[in-house]
Structure formats: structure tokens, C-alpha cells
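In order of appearance the chains are A, B, C, D and E, and numbering begins at 1 in each one.
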Amino acid sequence: MRLELNNICQRYGEEDLFVIDQLQLISTDAVHLHGPNGVGKSTLMKIMAGLQKPTSGEVRRMPMAGENMRRQAVIYLHQNTYLFDTDVRSNVEYGLRMRREKNTKKVDKALAWAGLGHLEYRQAHLLSGGERQRLALARALVLDPALVLLDEPTSNLDIGSVARIEEMLQDLHRRGTGILLACHQDNALTKLCNQHWLLAAGKLTVQA
Amino acid sequence: MRLELNNICQRYGEEDLFVIDQLQLISTDAVHLHGPNGVGKSTLMKIMAGLQKPTSGEVRRMPMAGENMRRQAVIYLHQNTYLFDTDVRSNVEYGLRMRREKNTKKVDKALAWAGLGHLEYRQAHLLSGGERQRLALARALVLDPALVLLDEPTSNLDIGSVARIEEMLQDLHRRGTGILLACHQDNALTKLCNQHWLLAAGKLTVQA
Amino acid sequence: MNDLWTTFSTAIAQLLSGDPELWGIVGVSFSVSASALLIALLPALSAGFTLAYFRFPGRWVAISLLNSLLAVPTVVVGLVLYMLLSRAGPLGDLNLLFTRPAMIIGQILLCFPLLVAMSLSAFQAADHRVLETAKTLGASPLQAFVTLLFEVRFALLAAVVTAFGRIIAEVGSAMMVGGNILHHTRNITTAIALETGKGEFVQGVALGIVLLVMALILNVSLGWMQSHSRVLRHGT
Amino acid sequence: MNDLWTTFSTAIAQLLSGDPELWGIVGVSFSVSASALLIALLPALSAGFTLAYFRFPGRWVAISLLNSLLAVPTVVVGLVLYMLLSRAGPLGDLNLLFTRPAMIIGQILLCFPLLVAMSLSAFQAADHRVLETAKTLGASPLQAFVTLLFEVRFALLAAVVTAFGRIIAEVGSAMMVGGNILHHTRNITTAIALETGKGEFVQGVALGIVLLVMALILNVSLGWMQSHSRVLRHGT
Amino acid sequence: DSIRFATTTSTYNSGLLDYLLNHYANVSQTEVQVISVGTGKALRMAENGDVDLVMTHAPSAEARFIGQGFGIEPLGVMYNDFVLVGPKDDAAQVSLAQTVTEGLSLIMLSNQRFISRGDDSGTHKKELQLWQHLGALPSFAGYLESGRGMGHSLQMASELGAYTLTDRGTWLALKDKLALRLVLETDPRLLNPYQVILVNPVRHQHANVKSAREFAQWMVSSEGQGIIGKFRINGEVLFVPSAL
């Protein structure tokens, strides 16, 4: 999967938030997106995920040679996670249910991996900040996406959880999932990235 | 202001979340509360702020000698901030309005300090993650509280913002505000703390 | 009120003893209103959704009109429908006047704007991230819609209960296009109107209480379901 | 429908030319319903709030009863009130029967359960952090309540619009305790009932449309205010 | 086979029709579906062809209805009469009056309350006609237009201590519940004749004229007339058969 952005411009009212001529993200990338608050990181990611239309410009998704197209293409993880008003387990099952897949083993694995196995029947709205964050990750990653756009996924996580997620992402990435990570801190997760993008003053700079 | 907890026990269903025999927080403290996800940090802070009744035990607030009691006693800052459905400025003014205080200067200062001066008339629900976080801090700190309980206040902040908030808290603390900070990362803010509490496995340990 | 109590207990005793006439009347009320509600529900929810999530020219006018339609008396809706269904009217050949299907159509017209208005308000209050989360996790537009319905289910339940109340309690349209014909189109409210017209107020109130009791049974079952599936929401 | 159009335009022309009889009837409708709504509003919101945020024995029964009251025909409410206000009734000495205050009381009884039910649903859908945030920032319980009202204002507006629709469109209670006395208690809906009874169907519809137009004016102004104070909510 | 029969509330609410139809069921398979509404509404429904026959008591409106070709074969079925009722103390002393005209003028001159139905019904038309004999339409302060049916107007008169004109049937059916008494009756001007009229099949081909005619004929037959004459409430005769 290859995501291509051409001549993207996002403007609110009179001001341009950012202008990006050319950008691409492919399944073998692992990118750390950073930049000051309010610069437009979340907006950019939502545009890339197709959840928001940019003021102008186009976003294209293209398959890569020999790719399995059954995989959910691009998943965006909200900075501030929304959990469905059911229990933990059925939140994780959500995406699978949408594509009419029943795979108890996958769900169990994701729950265990997110450290939520003992909470599987707790109502999601009761969870603690970190538990919510981990549930949202599990819910996305169980779908085995081609590209995953993570918006501050570690903001509420303890160090153990961060390490666990790093492992999991590493594994996904090795199996061919592209990763875009917006994150203010430097931690195990950002170290996993092989590219760094800086969004600042309305411009995106691709760093080493 | 002195906050005293006696024989607090919080239980959900069959399980005790935590049991704390004795704990106190005074205006000269600056405490870093840490512990793994889901251990009960947020719950404890809400109990201390009087927003939630513990299953058993009592929370007492006592004035200290010569203290100015007009100050808003204890403020809890949600881990996941709720902003009122108005603009940025009137969010900051909220607490002052509640105590019928009109103080444009204070509000201006808080806005400037939070780096939101240029956004003062933007609708709060449009803000970015970091901007929300800073607005919530400004809204609380403008009230000059005796104790402030901050639940992951830096989770969405860039490094510059963290530094700015550290400065501000330092200033408040010097002028007599007690601070309790739940935070998973170690950063400028946690370094400001002179006490460390560890909540783990249902017990609170006060560290050096 | 002693009077009332006797009549009411007689009415309930009649119900319990299976008095076919009274049960027939109750049956007309509930079957007509339930049919109307079921038929109107999905189109109304879709309309509410469209108004909540799509910006189009005339949207604002549509919402204002909708709210205003709530202020139209049921008898006026009945009158308009009567004029359409009357032999002298454009749809006279359908032979629907003074039948239950005509009553159902009237009640559909009555509950539709209410359901749209209330579901619109429910959808507007819903978190915008619901649809975004559903979509990004691979839900089709229809699936995302269903997810949204689920997330706002309590508000929708309130809408359904209110709409049901509106139509089961209405008399204007039922009288106008149903005709209050015994054994055919007489329902609880037209029967009440009849009794009241005769000066049999107590009988009227007793029938009203029968309706209340039936609604109570319905609501208690609903409430029971609800209270057994719901825990209060907290925020951290 | 040509017929209808003529009558309707006559009715509107009468309104515009300041026909005192028609304006008088419109005035009774709006003043009675607005008074009822204003009086019922605050108690109803408080009741809705109490039901949403406090657990007490009987809460669940109260909610079920409330929802069931929505299914009680307006004429039954009118009948009960009639029996109370009648000379032979316990409140006969107040001499309220067949006056506007009696109509107002009837409509208060009618909109109260609806307002409670809908505000309850609005409060339940509200984020639990609203009250917590208000409290922690120093709001008194009353101030926190007002903050909550503000946060759910769109849902409450929907409740008010629906309740207004219910009472301005109702005829049962107005007829029963008002009595449809010309120049005194005749409002739009009882006038419609009268015209309909005469077989003047078109006149009835025209009056209904007058009501619709008045409601439309009200709603358009409300909608205008709303659309000029509201931007769509996004989530990041 | 069924027919739709629109009739005034006064005949339906008194129970006469149920009584009559119970007997008719013995002699005919035809189901008679009764729609009881005001005179104006009944004639309007017949005009639209939504019913097959009507029975009303408003001679002038009926004449117009037939004249315009909406109805055929009017048959006088029965009559009862109107009476003046008023508060128990009869403050205007109407009971001393010899004629209804005199009674009404007493009410007007003593400015007592009078409830007019104001609904264009047969009763209302009769009342206006009676006032006309006094010269002008009434405009005294006590004259209230209720705009409601007979039962409700009687209730209102009772509540307000007012006079009103009512048909005897409704009065007999309700009088136990009212704080009113009969103050004037048996003036020839107070006669209240009921007619059945069939819907004109030329205008409405679908109308079930055959069964409707059968039913109308039965009502004016000696059998039907006998049954009407036997109908009583609390031992009092309500309707006098007039076809034989």
C-alpha cells in the first residue's frame, strides 16, 4: 500500500494551516511525525486516513505489487480515543465484525497483548486512561492494517506498556505494516522509526 | 490548606482497588504520583478532590495557620480534559465567573502564559490536543488554587509547552500552591517535585 | 373520585375478564400505533441522520419546518388526509377512508416529524469521533450508521417512547380518517371522545387509565431491559 | 385543494388585515401555551436533572411512569382537571373552569412529563465530566446545574420545541377546561375542532396552516439564532 | 355487505341507534357502520360520498343538500323537541313564560347567561331562528358561544348557571348529572324533526344505495317505527316516530 499526497493545502478561515506539495507513505516506512502543538499533525493524519477532506489537493491510495488487498487499508488512531459503549472485548472485535470475520483467537491474542485479558468483559467507559489507550491500539492492530497512523498513542501509558507496544508494532512492521507516529516524547516507539518528519510553520520537512 | 485521608478504601465489585490508611498533602508539597496503568491514580486524585466518594474512609480539608481562605481549595485536572462548549477565553474565565470575580488582567496573563493569546476567540472544541491541555491548565491555574491535582497534564504537550508549564507551576508552588502530579514520563515537571508517591498493587508508598 | 375508582376497576375487570369489546378497542389502539411507529422509524432515523451530518442548501429550512410540523394539530393532519382519501379526493379509489390502514397512515404522518427532530438532536449530541472511528476501523457507511444508532440508543429510545406516546394518545386523526366505527376503527382515544361527548366523564377517564396502565406495562418492561444493560458513565 | 388555497389565503389575509377575532384566537393559543411552557420549564428541568444524577428508590418507577404519562390522551388530562375544577369538585371554589388559567394549568400538566423525559435523556447523554469540571473549578451546585444546561442547550432546545408543539397543538384539555368560548377561551385548536364539526374542513385546515405559519416564524427565528452560534463539533 | 351511516351525536349518544341496530340485525345481514358526528360534518361526508346515508335534524341545511343534488329520497323518521333548560333557581323566571320567544326575552332582559352552541348544528340553527323572532341576534353580555356539542354545552351551562336550548334526548340522557332544570317546553316552534337521506348514486356510483335504501325503508316501516317509539331512557320517551 502506498499513500500519496499531492498539493495538499489545509486552510481554516483566512490562514493556511499547512501546504504540502508532495508526500508519500508506504508499507515499509516507519515514520515519526513531530512538531509543536497546533501545527496540524492530527489534521494531516486525518487527511491521510481519508477522514477529513483537505481544502485542496488529493490523497491517493495505491496497491503495491503482490499485496494482499483484503487487509484494512489505513487506520487512524485518534489522539483522544473513542471507545464504543460496550465491553472491552467487543470493542476489539469491532473491526473484524465489520468485515464479517469471526476470529476468537486473534481477539484473544490482541487482548492478551494489550494486557486487557482480565478486563475483557468490563464496560469500556470504566477503563483508566492507559487502559483506554491500549484498548484502542488493540482494536486497530487486530485488523492487521496496511498503514496505521498513530496519534500520540503513548500519551497515557506507563513504561511497561510502552515497551509492550513497541514490541507489537515492531512485529507488525516486520510483517509489512507501514507506521506513522505522531509523538512529542522520545521513547522506545520513536526509536523504532526509520524516518522523521517535522511539521513546523506550515511546512513538512523530511529528515534523515 | 491541608488535605488528610484516613482509612481510605476503594473497591469495585469484589476487588479492592487500593487501601490507604493515612495520607496527607499540604500546600508546600510538590508530589509526583506514579504507578502502572489502571492502578487507581486517577481514582485517588478524584477522591482527594472530593469528586468521588471512596467506598469507605474520610477525606478532610483543613486550613493552615494564616491562610487566605478565599482561594479555590482543591482543583482536579482530568486526565482527559473537558472543555466547555464556548470559546477559549470564556473557558479560562469560567472559575472566576463562578466566584463573581471579573479580572481581565488575570485572564489575559493566563492566556498568554498558556500560549493561547492568539486563539482566545476560537471555539474550544476546535483546539488541537496540546492546545486543549494547555487551556485546561490555564483554566485551573488562573484560580490560584491551594492544591492542584494534575492528572497527566503533559501527555499531549510539546517540549516547549512542558517547559513553560514547569515554569508556571514552579511559580505557583513558590507562592504556596501544593501540587500533586500523576505522570508516567520523567520530565521537567516531575523534576520539580520534592516527593514521590508510588501507587502499586493497591498500596501507596511514599518515597524519598 | 370514588365514582372514578369504581368505573376504573370495572374497566380493568372487564379487561381481565377478557371482554372482547374492550380488548378489541385496546387492540386497535396498539396495533395501529405500533404499525405506524415501525413503518416510520427507519426512514425517520435516516432523515435525522442526513440532517445531522450533511450540509445542503435548504437544510436549515427543513429543520425549521420539521419543528413547526410538531405544532400542527393532529386533527389538521387528519383533515388533510381525509381530503386526500375521501371519495371526492384524489386517492378516493383506494377505498381507505374509515379503515385501519388510513389510521396508520395518519399516525405515520404524525410521528415522522417527531422522530426526525428527536433523532436529529440525538445525532447532533453524539461525539463526532463515533463515525470517524467506525469508518477507520473498516465499517461501511451503513455499518457506521448502525454503530451510531447503537451509541445513541438511549436518546433514540426516548424518541421512540415520545413518538409512541404522541400517536397512541392522539384522537384528531384517528377520529377523522378512522371514523370511530365500532368493531372496526374504534380505538381507545376515539372511545374516550365518545364517552366524554355523552357526558360519561368517568368512563372516559377510566379508559384513559386503561391506556396508561397498558403503556406502563410496556414502559416498565423497556425500563427493566434498560436498567439491566446500563451502567453510569464516568470520566477520568 | 384549490378550495384550500383560497380559504387559507383568506385566513392569512384576515390575519394580516388585523382581523381582531382571528388575532384574538391566535393570541389565546400562543399566550396560553407560552405561559404553560415557561411555568413548567424550570421545575421540569430540575426533575429531569434529579432523575439523571441521583439514585434513589423509586427512581426507575418514576421514569417508567413519566414515559407512560406521555401516552395519556390530552382529553383525559382535561377531564381529570375538569373534575377537580368543576363546581362539584374539590377546587370548584376557585372558579377557574372555562378560563384561560385553567387552560394553562392543563397545558402545564401536559408538557411537564415531556420536558422531564426529554431533559432526562439530554442529561444522561451529557458527559459526566461536565459537572465534575464545573465543581472542581468552584461552581456551586446551582452554578454547576446552569453550566450543564448550557452544555446540553441544543438538546434542551429540542425538548422545548417538542413540548411547545405538544401543547399548542393539543385540543383535548383546552376544549375540556377552556370550553371554546368565543372571545374568551377559544384558541386555534378548539376553533379548528369547531370548524371541522361544522363540516368546514377547509376552514379547519386553513386555521391549522395559520398555526403552522406562526410556528414556522418562531422556529425560523430560533434556528437563525442557533445557526449563528454554532459550529460543528470535531474530534481529534 | 355493509353500509356507512353518518348520524348526529344526539341520536347516537342517546343509545337509540344501538337499540335500533340490534333489532335490524335480526332482519338483515347488512352491517351498519355508524359514524356519529355533528350535522354539518355528517352532511359534508355524505356530500363527498364517504358514507351511504345520513340522518340529521337541520331542515334548511338538508333542503340545500338535496337541492344541490347530493342526496335523494329524504324520509322523515321521527321527531323530538327542543326544550329550554336553566339553573335550578331560574333567576330569569323563564318558567313563567308562555312562549319560547317570551322566555328568551326574559333571559336577555335580565342579562342572565345563555350558552349558545355556536356550531352551526341543527340546534344552533334553531336557536338563531328563535332569536330572530325577537328582532335581532342576541348581543347581551351573558350570551356565550361555546362552540361545542350538546352534551358539553349542557355541562357548561350547568357549571356556569346558564340557560341553554337543548334537544330533549340529550337533556334526558344527561339531566341527572346536571345542576339544571327544564324551564320551558311544548312550544310548536320547538319541534325537532329527523330525516334520513340517501347519498345520490348519480354523483357517487360506488355508494351502496341498495342496502342503504333497505335500511331507510326499514326505519320508516311499521316495525322500525314501533321500535323507535318503544325506546325509552328512565321510562321517558325520547323520539316520536313520524313516518306513519
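FYI, a contact is a pair of C-beta atoms (placed from the backbone, for glycine too) under 8 Å apart; a residue touches a chain by one contact, two chains touch by 3 or more.
Keep in mind it's a predicted model, so treat the numbers as computed, not measured.
Chains that count as touching both chain D and chain E, per the definition above, are C. Chain centres here are C-alpha means, and the one lying farthest from chain A is E. The two chains most heavily joined by C-beta contacts are C-D. Judged by shared residue numbers over all numbers used at their interface, chain C and chain D contact each other through mostly the same positions, with over half in common. Taking each chain's centre as the mean of its CA atoms, B is the chain most distant from chain C. Computed from the mean C-alpha positions, the centre of chain C lies at a distance of 17 Å from the centre of chain D. With centres defined as mean CA coordinates, chain E is found 36 Å away from chain C. Mean C-alpha position of chain A lies 44 Å from that of chain C. In whole angstrom, the spacing between the mean C-alpha positions of chain B and chain C is 48.
Chain contacts: chain A has residues 42, 46, 78-80, 82, 128-129, 151 touching two or more partner chains.
Across the assembly, chain E contributes 149, 152 as residues in contact with two or more other chains.
Each of the following residues of chain C touches two or more other chains: 127, 129, 132, 196, 233-236. By the touch criterion stated above, chain A contacts chain B in their complex at residues 34-42, 79-80, 115, 119, 127-131, 134, 151-152, 155-161, 184-185, 187.
Listed in rising order, the residues of chain B touching chain D in the complex are 46, 49-51, 72, 74-78, 80, 82, 84-85, 94-95, 98-99, 123, 125-126, 128-129, 139-140, 143. Across the complex, chain D is touched by residues 1, 4, 60-61, 63-65, 67-76, 79-80, 82-83, 114, 117-118, 120-122, 124-125, 127-129, 132, 152, 154-155, 158, 161-162, 164-166, 168-172, 176, 188-189, 192-193, 196, 201, 204-205, 207-209, 211-212, 214-216, 218-220, 222-223, 227, 232-235 of chain C. Touching chain A in their complex are the following residues of chain C: 127, 129-130, 132-140, 143, 147, 150-151, 231, 233-234, 236.
On the side of chain C, the complex with chain E involves touching residues 86-89, 92, 97-98, 179-182, 184, 194, 196-199.
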